[in-house]
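Each chain gets a letter, A, B, C, D, E and F, in the order it is written, and its residues are counted from 1.
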Amino acid sequence: MNRFDAFNEVRRVIVVAAHPDDLECCCGGVISMLVARGVQVFSVNCTLGDIGAQNGEVGRSTLAANRLAETEDAARLLGLAGTYNLGHHDGELVPDLELRAQIACLYRLTQADTLFTFDPHWPGQIHPDHRAAGQAALDAYMPSKMPLYRPEQLAEPGADLCKLQRVFLFSTERDIDVCVDVTSVYPAKLAACQAHLSQFPRGEESLQWLKEMDGRAGQRIGVTYAEIYRTMLVW
Amino acid sequence: MNRFDAFNEVRRVIVVAAHPDDLECCCGGVISMLVARGVQVFSVNCTLGDIGAQNGEVGRSTLAANRLAETEDAARLLGLAGTYNLGHHDGELVPDLELRAQIACLYRLTQADTLFTFDPHWPGQIHPDHRAAGQAALDAYMPSKMPLYRPEQLAEPGADLCKLQRVFLFSTERDIDVCVDVTSVYPAKLAACQAHLSQFPRGEESLQWLKEMDGRAGQRIGVTYAEIYRTMLVW
Amino acid sequence: MNRFDAFNEVRRVIVVAAHPDDLECCCGGVISMLVARGVQVFSVNCTLGDIGAQNGEVGRSTLAANRLAETEDAARLLGLAGTYNLGHHDGELVPDLELRAQIACLYRLTQADTLFTFDPHWPGQIHPDHRAAGQAALDAYMPSKMPLYRPEQLAEPGADLCKLQRVFLFSTERDIDVCVDVTSVYPAKLAACQAHLSQFPRGEESLQWLKEMDGRAGQRIGVTYAEIYRTMLVW
Amino acid sequence: MNRFDAFNEVRRVIVVAAHPDDLECCCGGVISMLVARGVQVFSVNCTLGDIGAQNGEVGRSTLAANRLAETEDAARLLGLAGTYNLGHHDGELVPDLELRAQIACLYRLTQADTLFTFDPHWPGQIHPDHRAAGQAALDAYMPSKMPLYRPEQLAEPGADLCKLQRVFLFSTERDIDVCVDVTSVYPAKLAACQAHLSQFPRGEESLQWLKEMDGRAGQRIGVTYAEIYRTMLVW
Amino acid sequence: MNRFDAFNEVRRVIVVAAHPDDLECCCGGVISMLVARGVQVFSVNCTLGDIGAQNGEVGRSTLAANRLAETEDAARLLGLAGTYNLGHHDGELVPDLELRAQIACLYRLTQADTLFTFDPHWPGQIHPDHRAAGQAALDAYMPSKMPLYRPEQLAEPGADLCKLQRVFLFSTERDIDVCVDVTSVYPAKLAACQAHLSQFPRGEESLQWLKEMDGRAGQRIGVTYAEIYRTMLVW
Amino acid sequence: MNRFDAFNEVRRVIVVAAHPDDLECCCGGVISMLVARGVQVFSVNCTLGDIGAQNGEVGRSTLAANRLAETEDAARLLGLAGTYNLGHHDGELVPDLELRAQIACLYRLTQADTLFTFDPHWPGQIHPDHRAAGQAALDAYMPSKMPLYRPEQLAEPGADLCKLQRVFLFSTERDIDVCVDVTSVYPAKLAACQAHLSQFPRGEESLQWLKEMDGRAGQRIGVTYAEIYRTMLVW
């Protein structure tokens, strides 16, 4: 279970998330460890996160602009190789053919070998955007490997057929098979989360829930903090 | 398992169903017990039930009108606080953004603390409308709590952010964790079902299947009739 | 588990697949045995299979035309009663109301009593077209039994309400309950697969993966080759 | 031009409008004259008129409810035979297949021989809902006369194939060919308009613009008030 | 006005129509004359014509099959080089991106230099399918000339960028600028129309309306029968 | 006709175009004159212009990036107050509710009093994106003035109800009523056009067609170069 070795062959990662702070909260620990090992990590947020506020004082476009900046700040802290935002509206992400094509295009452009995304099959997933992001990310897997699918994408500089070989699903309690000790990088994970000031205005105090969640995961393998994943067999 | 105490903190309920007789058949027993305890219950039917006939003698609009009237009759018998019909066509309900917004609007208007709906994750659910209603009801949960999601809904008199705190899924055999003895209110449940004359034209005889199903549920906890639910952890 | 008797009452079968070679690879063995017993089998492919190529040398329309011909060849080898292609594009099948209506129409025209299709609920199903085909096939079940659903379909010669009584899901590892020894018909299954020259250009050598997969299934019941299914209770 | 005789053969009218006060303002005079002659008139509003407010103090659902009541009041004043509201949202009406089918259904139910609607082809029509209502009304004309189009509509009591024989387009300055003196019924027209209190809160004072517009039309034929129309040849 | 010379440079024609008998009725005369001169003519019908019946005795699929056969018969009589049917449903054609892409693909495959289609801008066009076919045909013009638009279409054998250089709009009374004497080929036009037995069951008697319409056009230029067109400047 | 005075009351302009070089080519002269007079001008391009290439050597995303940069260059030359790109794909712009809302949002944010856009009603408009941009721009006019339409837009800093009072349609030959002498600013117009290097790689030589077109317009009023517009009465 405590298998950081599950990531042994990972060289280039693409993380398909729904909102600007999902990567940091859901897999910030493992990503931090991978970057330290020299892995290139690309971040994709499907939505602008533009309803992510507890009151209506800031408008949606303004909030979106703020969160794009926070995403860049967090990416710098984590050492990501690149970030993309697909521009969809928060709370209304739909796993349709357009979203599938956008993600397929990024599989082809980044030439990632490993995908991290939300588990769309976990019945406890109450956020519709999370399910949509995960479903679209999985749905883009097969077509992006076929040359006749949206061939215009392959004309971009550096693009080639999708190279994904493995998938790690996060935000799940369904048949977990990977649990990684992230205690050593936990300060880095918290710092990246705190870069999302609009979401966590009181710093670490706003992240008490995350520490508790990662702490419960840690108890599974007898460490302070852990992150849990479900792998998926692909071909 | 026999846990009517699972409903202890319920004060205001919204039931999101697909067709005019779903509430009565799927959770009519528990609803009856809750109303008796003073709980306010609001009923939402996503479709008009306008293909619900064994022959084509009655037109679709006529059938829809008849079933709206039957819904009101059943609601009176059960003592519901209000009923809504979202006007979609039977057999063709789609869990899209429009349906999500309609349901979110009712979470905000009714200020319910508890949701009853179909389990969209039960693989045995063969009726597509049931899955669609349940999925849309769950998908509306998160956005309806956010002030920047469809703010025009919050301008209605009495509307406020969604107050849902718990979810009970019915029509499921997936990891059931609540089974309630409804024997004492079973005559009331049957009466409410029979108000749907277009569906059960021969009275209790037309409901033999329901008595058998609720009887099998009863055997789980050693009572005559029971209803079963799957709770869902939400935040 | 080794239950060919699960098919005892089958008289007319409709197979709803996504691509031209799905039927042959996923259930070609059982279909071959059923045809030998006198069962009528109708094949439905939702897509044209028009991105099914490892390079871009052949255009999509040309590939589609080739695969329609291969489908007819394979159907002749298997002795199918009829084939239908719904004309959707490969890699972009969506389980929407239009696809549902197309499939419902074929349930009504073929008067099949048994459905074979992809398991849309298996979380390991990475191909989006497979999930879409299976979902749409299940979604068409209930409405096609109702006279007020798309009544124009019932005006076709030979059409009547859907007669489906049982469902076998293939391409699944979810709660398998039927495993059938197909060793005796395996040459016929392989021959039907090889009719799809565009997919398996090097004959049996291109089908090594299939023999391995069916061999692993065989090990479950101690035979050389087997096919596995998940039945679904319907009403 | 001053041709009330253009309406000589009119017996049953259906008016397809976009918002609750369109009928009254655009053709209230002629409608009043037709009702006086014994013609049956049915009113269809495609939208709820739910953004029809100069401020945001009243919520959209509340506004919609108020306007439905105002529509009934105005219909009583004018002596209409029936009113329908298709439930679409104001400012977002789209002339799609669903709207076409809704209108076709009403052509078949009302058995009207004459259609009044917005001119969708007048380039000066700045309101998108007006163009959408007119376009959908014209688009529903041909299909509703064909028995194989949406046959379920024909099963309703009293429904039959569409009987429309003539079309009068209002809200247009394109090739006007009918101009009717409505001076004698103008008080009735104004009264019907004023029933829409939410729109014209200061009574006749709020309708100064309408009197000016109808006055300019009157100048064309030398009367005080007139309404202008464009006929459309149909077959 | 009597300008058959308007067609002097025409070498390859594509006709985009809505229903199986549109080409024959709307431009059968000119097409017949062009074929006689050696021009290659390709026919595209966007819909199956599957509501084209005065009663509901024949089902929609059956009617569609019959009309496809009638189309082939008429094409043989006229000497067309090829026919295509895009498979959309009669009475419900929508000029969306999918239809545009289908037509663009045929511009690229046929390499036609001249387009004949319905005038989508004539306000008197009451049939929505006619407007949709014409609009989609015009909308496909520009993109199909651009290499980055749907590049997969260009991979088909024989396909290349769209070569259209001129457009003739039929079924219009808007600014007509071409009127052609078709008296000499009128028997051929009538024969082609009569191949559509399902539409004109009583032969030439069923086509009285067409002879009158073409006769009225003839009067414009002092001949027995004529066809009228509106040209469109393209670049 | 030569009426630069038609622009006398213009203070803040929003130009809704389809592709990155539309503003410059269609109304670059008048815009230049207005900027010189102190008018604030905002540019909106609905599409990325990402099929705007005569060959397939550059990929679509790369082309889009290049054209965004060219847009900024041209805007600097013209002295525009701001530029927006709505991110839609070239050749596939659709005037749907989403595009309408995007444009409405910009009317509210920029507080423009004057709209420049394509004439969607000119029958000679062969480019579907031009018609779509113009139609959506007109359709956004009315709703953006209503407080209950998409109220979340009004929460942005600086946003208020739409203030548009007049519309100038370009790219039209329909009832032109404004023709402006742009000879004095023509070098500036040409320079702005040439900033779009990807479109006009050979500088002024690539713009020979534009000089001819503007020259023909000039002949209407006896000047060297002119731009022509159709005004639209709005309320």
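Simple rule for what comes next: a contact is a pair of C-beta atoms (placed from the backbone, for glycine too) under 8 Å apart; a residue touches a chain by one contact, two chains touch by 3 or more.
Everything numeric in this text was worked out from a predicted model, so none of it was measured.
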**Touching chain E and also chain F, the following chains** = A, D
**Message:** Which of these, C-D, A-E or D-F, gives back the E-F interface, meaning over half of its contact pairs coincide by residue number?
**Reply:** D-F
**Prompt:** Where chain D and chain F touch, do the two copies share over half of their residue numbers, giving same, or under half, giving different?
**Reply:** different
**Complete:** Averaging C-alpha coordinates per chain, one finds the centres of chain A and chain D separated by a number of Å equal to 53
**Asked** At what distance in angstrom does the C-alpha mean of chain E lie from that of chain D?
**Response** 35
**Fill in**
Touching two or more other chains in chain A are residues 56, 60, 148, 151-152, 155
**Message:** Chains as vertices, touching pairs as edges: which of line, ring, star, complete or other describes this one?
**Reply:** other
**Item:** Chain pairs in mutual contact under the definition given at the outset
**Value:** A-B, A-C, A-E, A-F, B-C, B-D, B-F, C-D, C-E, D-E, D-F, E-F
**Message:** List the residues on chain D that touch chain E in their complex, please.
**Reply:** 96-97, 100, 121, 138-139, 141-143, 146-149, 151, 174, 232-235
**Complete:** chain D contacts chain C in the complex at 148, 150-152, 155
**Prompt:** In their complex, what parts of chain F are in touch with chain E?
**Reply:** 50-56, 60, 63, 90-92, 94, 123-124, 126-129
**Message:** For a test of understanding, state which residues of chain D touch chain B in their complex under the given definition.
**Reply:** 56-62, 87, 105, 109, 152-153, 155-157, 159
